[in-house]
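Look for chain A in each of the two complexes below; its partner is chain B in the first and chain C in the second.
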Partner chain A sequence: MRVIRHIAVNVFKESVRDKVLYNLVLFAILLMAASYLLSQLTAGQDIKIIKDLGLAAMQLFGLFMAVFIGIGLVSKEVERRSIYSLLSKPIRRQEFVIGKYVGLVLTLAVNLAIMTVAYYAVLGYMAWMAGSWFKPGWEAPAMDPALLKAVAMIMLQLMVITAVALFFSTFSSPMLSAGLTFGFYIVGHFNADLKHFEAIIDSRPVVYLARALYYLLPNLAPLDVKAQVVHALPVPAAYLLLNTAYAFVYIAALLTASSFIFLRRDFK
Partner chain B sequence: MLAIQTTDLSKDFPVGFWRPRPYRALDKLTLEVEQGETFGFLGPNGAGKTTTLKLLMQLLYPTSGRAEILGRPVGDVGVKRRIGYLPESPYFYDYLTAEELLSYFASLVGYGAAERRRRVSALLDEVGIGSERRLQLRKFSKGMLQRVGIAQAILNDPEVVFLDEPMSGLDPLGRREVRNLILSLRDRGCTVFFSSHVLADAEALCSRVAILASGRLIASGKITDIHAFQVRGWELIVAHLSGESLERHRARMRKVTAIADRQYALELPLEPGPDGLLRDLIGEGAHLVSLNPTRESLEDFFIQQVGQQEPR
Partner chain C sequence: MRPGRPWVYGAAITLLMVVAVGVQVVRGRTYGDTALDDRLLYLRSGTVAAKAALSFDTLLADVYWIRALQHFGNDRLRPNIPGRFELLYPLLDLTTTLDPDFVVAYRFGAIFLSEPDPGGASRPDLAIALLKKGVRTTNRWEYYYDIGFVYYWNLHDYTNAADWFRRGGDLPGAPWWLRTYAAVMLTKGGDRQASRFLWQEVLQRPDTNEWLRNTAQMRLLQLDALDQIDILRRAVSEFQRRTGKLPERWRQLVAAGLLRGEPVDPSGTPYTLNFATGEVNVSGYSPLHPLPTEPR
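This part shows the complex of A and B:
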């Protein structure tokens, strides 16, 4: 655990010293602020737009961070050969992989926390500015704590995507890893369609293949509860717990596979 | 217990995209290095030196054979605690300072905060990095990075240290400092295993060497042993040698080089020895300046042996 902690802290240090990260966070916050202007065009729906756009900005920029930092976590160390000195120290390769993952998750958590604060600040400003005649029409208060459920689920999605990016970066080039990770992210949101493929195609092998892909690919759609919280629909705790457990099992499987690949890898 | 032992250690790399075929980078290397030795691992570029070091660091897995360090299989975490490694042309994290990098590595070794600070400061002093220690490593020159690399390799007071081309990228002063550092490691009882293609380094530092060419071990032993069977003649330097004397005995000399007025360097064949000619020349008024056996230099030996290797 000590080794994992030190590697993770180093990844965090690397990330916070990377100017790209600041730019991404800044863009996300600007987008949230801009959503206030956009909301002025839609009378009555303004708070929903801000809530929606804010969560979408967090998800999108979090995704960029997870993918662009995630794909470089291992490949950059290999390309620049810094891994040679590192692996000669008393560490196991598995600890290296997990330490890298934990470090990036820590970075994402801190950035998501900053974006969440900015998000609530915009919502607070909106609530303060809104006339008292608007507020009764709102389905939920501007600074609804339930929004944190969506933020937590975004974090889980980013944790899954980080594990996917890390997995690909253990054996492929950064560009290919980025493409595959974005592909997984998109497919992950439409994964449920694969489960019921027999409804559209009458071919057993294809149905079996689709079913296999359904279990193999990440199922990210259930982790997306933005629409529910924005429209003040209930999101039961049991649902959140079940999907959290799914995400953790999926992450554990990916990290195990990444460690296994990395363990056998030659560094030429 | 041996510091390093390899038995029939081989490594193949697949070459070609469509139908990859194995390319043998290292072929059945069997080597033993005693504790406390300074061992030079010599060979031209592409001989397999770095591959061997990577196999010993388990950055590569062998195709066949085995390797042990301090009696334990390579890759053992307990062994890694007792060794140090400087990769060829080391590169570290751009965003860290030299101090932070060494502190990070020290934390991976398991040192506490106070010990880390003490060690890092002492090591940076030892390798000659002063106020630059607080600069980010991306601002470092190649030579400075090499110094940082050496510092991280000896961070844990290793029993065995592996240095891959440690003089690479250093200016003459830096080379001398690294030589002194290797000698001080040897004096502390540390086994030093270093690769180089600069033969003068090995001649100045090593108790034993191994010469590798095209992935194969072509010679190993004490440098003096390797030289001994390669003595190829004598170099006799004489002064006050008359032109007539020179002409009279010219057939007994392999080569004559004029150094100054009536002073010559005479290259003599190995057999018969120089005694007879020397006696005759002195009898004709010449003065002896020096007499030395001419050996195959390590460099010549190296080129000759490499030339004899069959292509892989």
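This part shows the complex of A and C:
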């Protein structure tokens, strides 16, 4: 556990050194500029659009971080040959993989937490500036705590994507890993189609294959509750819990597979 | 140039950018700037757009909503443009497919579509189609109310208006006054007092936003203008009865003691008098122009 913590903290420090947190500045500027411009363009829908924009930006920024840092977690160490000195120490390869994963998740969590604070600050400012005649028309208060549900689900999605990126990083080149991880992200939002393949294809084997892929590939679409929280629609706690359970089990499976591949890898 | 001097590089980059901008300006003046075709809609299928947007569909809906607003605003200012408001319905359809819960897109969109020319697209049929889509997806009483209003105000179809108000009133959580609307439609659909009652209700409701509030105020002023025009027509008829001819100017009615002064509409713009027919109307320069078609 101590080893995992050390590796995780090092990954976090390295990302800070690599100026990854600069994206927070970009996020803040984007939201502030948007909040200023949107009030002129949206016929009173600026709060709704800022909510949409903020959540989408959190997801997009997080996605790029998860993919582009995730794919380099292992391959970078191999490229720099620092893997030899690392593995010569009393570190088990599984600990190395899990430590790297936890480190990136920590980086993403810190990022998302700061972005959430900035997000609520902008929403609070807009609520303060809005005329009292606008507020009765809002579907939900500007600083609606339910938005945190969407943020939590974004974090879960990013955790799954980080695990996917790390998985590919253990055996593939960074470019290929990035492509495959983005592919998984896209498929993850489409794969409900795979479940209902019989509606378009008449072949039973193909339908079964599609069904198998549906369960095998990450299903990210249910983790997206942005629209529901923005429109103040109910998102049951049990649904969030099931999503969380699914994400953790899927991540555990990916980390196990990553550790297995990394264990068998020959660095001679 | 000695390497490593930041200000030298900074100056060089600035100079080169200034030259680049200069060249662009010269090219634009000589050959004209590339025109932006704002009437082009690449994606028409909301389903395809929703798939392509991955999990960013609500954000894409916001983009299309802003585009719909800009399209409406631009075309409203250009009454003679060919294909006026032609993209309004496709843009609203895309917006509401990408975000089926975007209540304002249905409700404002329906107003933009149903408003008579030149203020809107004069397509109450499309307004109803958009609202019916909302009924199919989220079934809110507000859409029933809006459909009833389009049937009432734009199509003067009081039976359908009453039916939609009643069906909306039957939904759980619907306000009590929707049933009142249905009753008003059935008893005195074409009555001007009924119109005034409905618009005053809109104005007084706490959830009415600024845009709709302005519309309601405008409608109430137009109804006042219609009342005033009735009085002015009576004055014109009286003048004709007394003198045997139509008045050519308002001054003649003032001189005859039928009016106190030159009449102005509720926006302060003088009314027009057609000396050939005796017809009274609001001026084309009045913000109240054109007046709504008088309910039958």
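The working rule: the second predicted complex is superposed on the first by the 253 of 268 C-alpha atoms of A that agree within 3 Å, B and C clash if a C-alpha of one lies under 4 Å from a C-alpha of the other, contacts with A are read in each partner's own complex, and residues count from 1 in each chain.
Simple rule for what comes next: a contact is a pair of C-beta atoms (placed from the backbone, for glycine too) under 8 Å apart; a residue touches a chain by one contact, two chains touch by 3 or more.
Since we're looking at a predicted model, the values are computed, not measured.
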item	value
Combined model on chain A where chain B meets chain C, clash or fit	fit
Touched partner set for A:K13, first chain B, second chain C, both or neither	first
First (chain B), second (chain C), both or neither touched by A:I91	first
Which superposed partner A:D266 touches (first chain B, second chain C, both, neither)	first
Cα-centre angle that chain B and chain C span when viewed from chain A, reported as a multiple of 10 degrees	150
First, second, both or neither for A:V230, with chain B first and chain C second	second
Minimum C-alpha separation between chain B and chain C after superposing on chain A, in Å	17
Set of chain A residues, in rising order, touched by both chain B and chain C	none
In the complex, chain B residues that touch chain A	13, 54, 57-61, 77-78, 80-81, 83-87, 89-93, 95-96, 100, 104-105, 107-110, 149, 152-153, 162
Chain A - residues contacting chain B, complex	2-3, 6-7, 10, 13-14, 17-18, 80-92, 264, 266-268
Chain C to chain A touching residues, read off their complex	51, 54-59, 61-62, 65-66, 69-70, 99, 101-104, 108, 206-211, 213
Residues on chain A engaged by chain C in the complex (per definition of touch)	41-45, 48-49, 52-53, 56, 59-60, 131, 133-134, 136-137, 139, 185-186, 189-190, 220-221, 224, 226-227, 230-231, 233
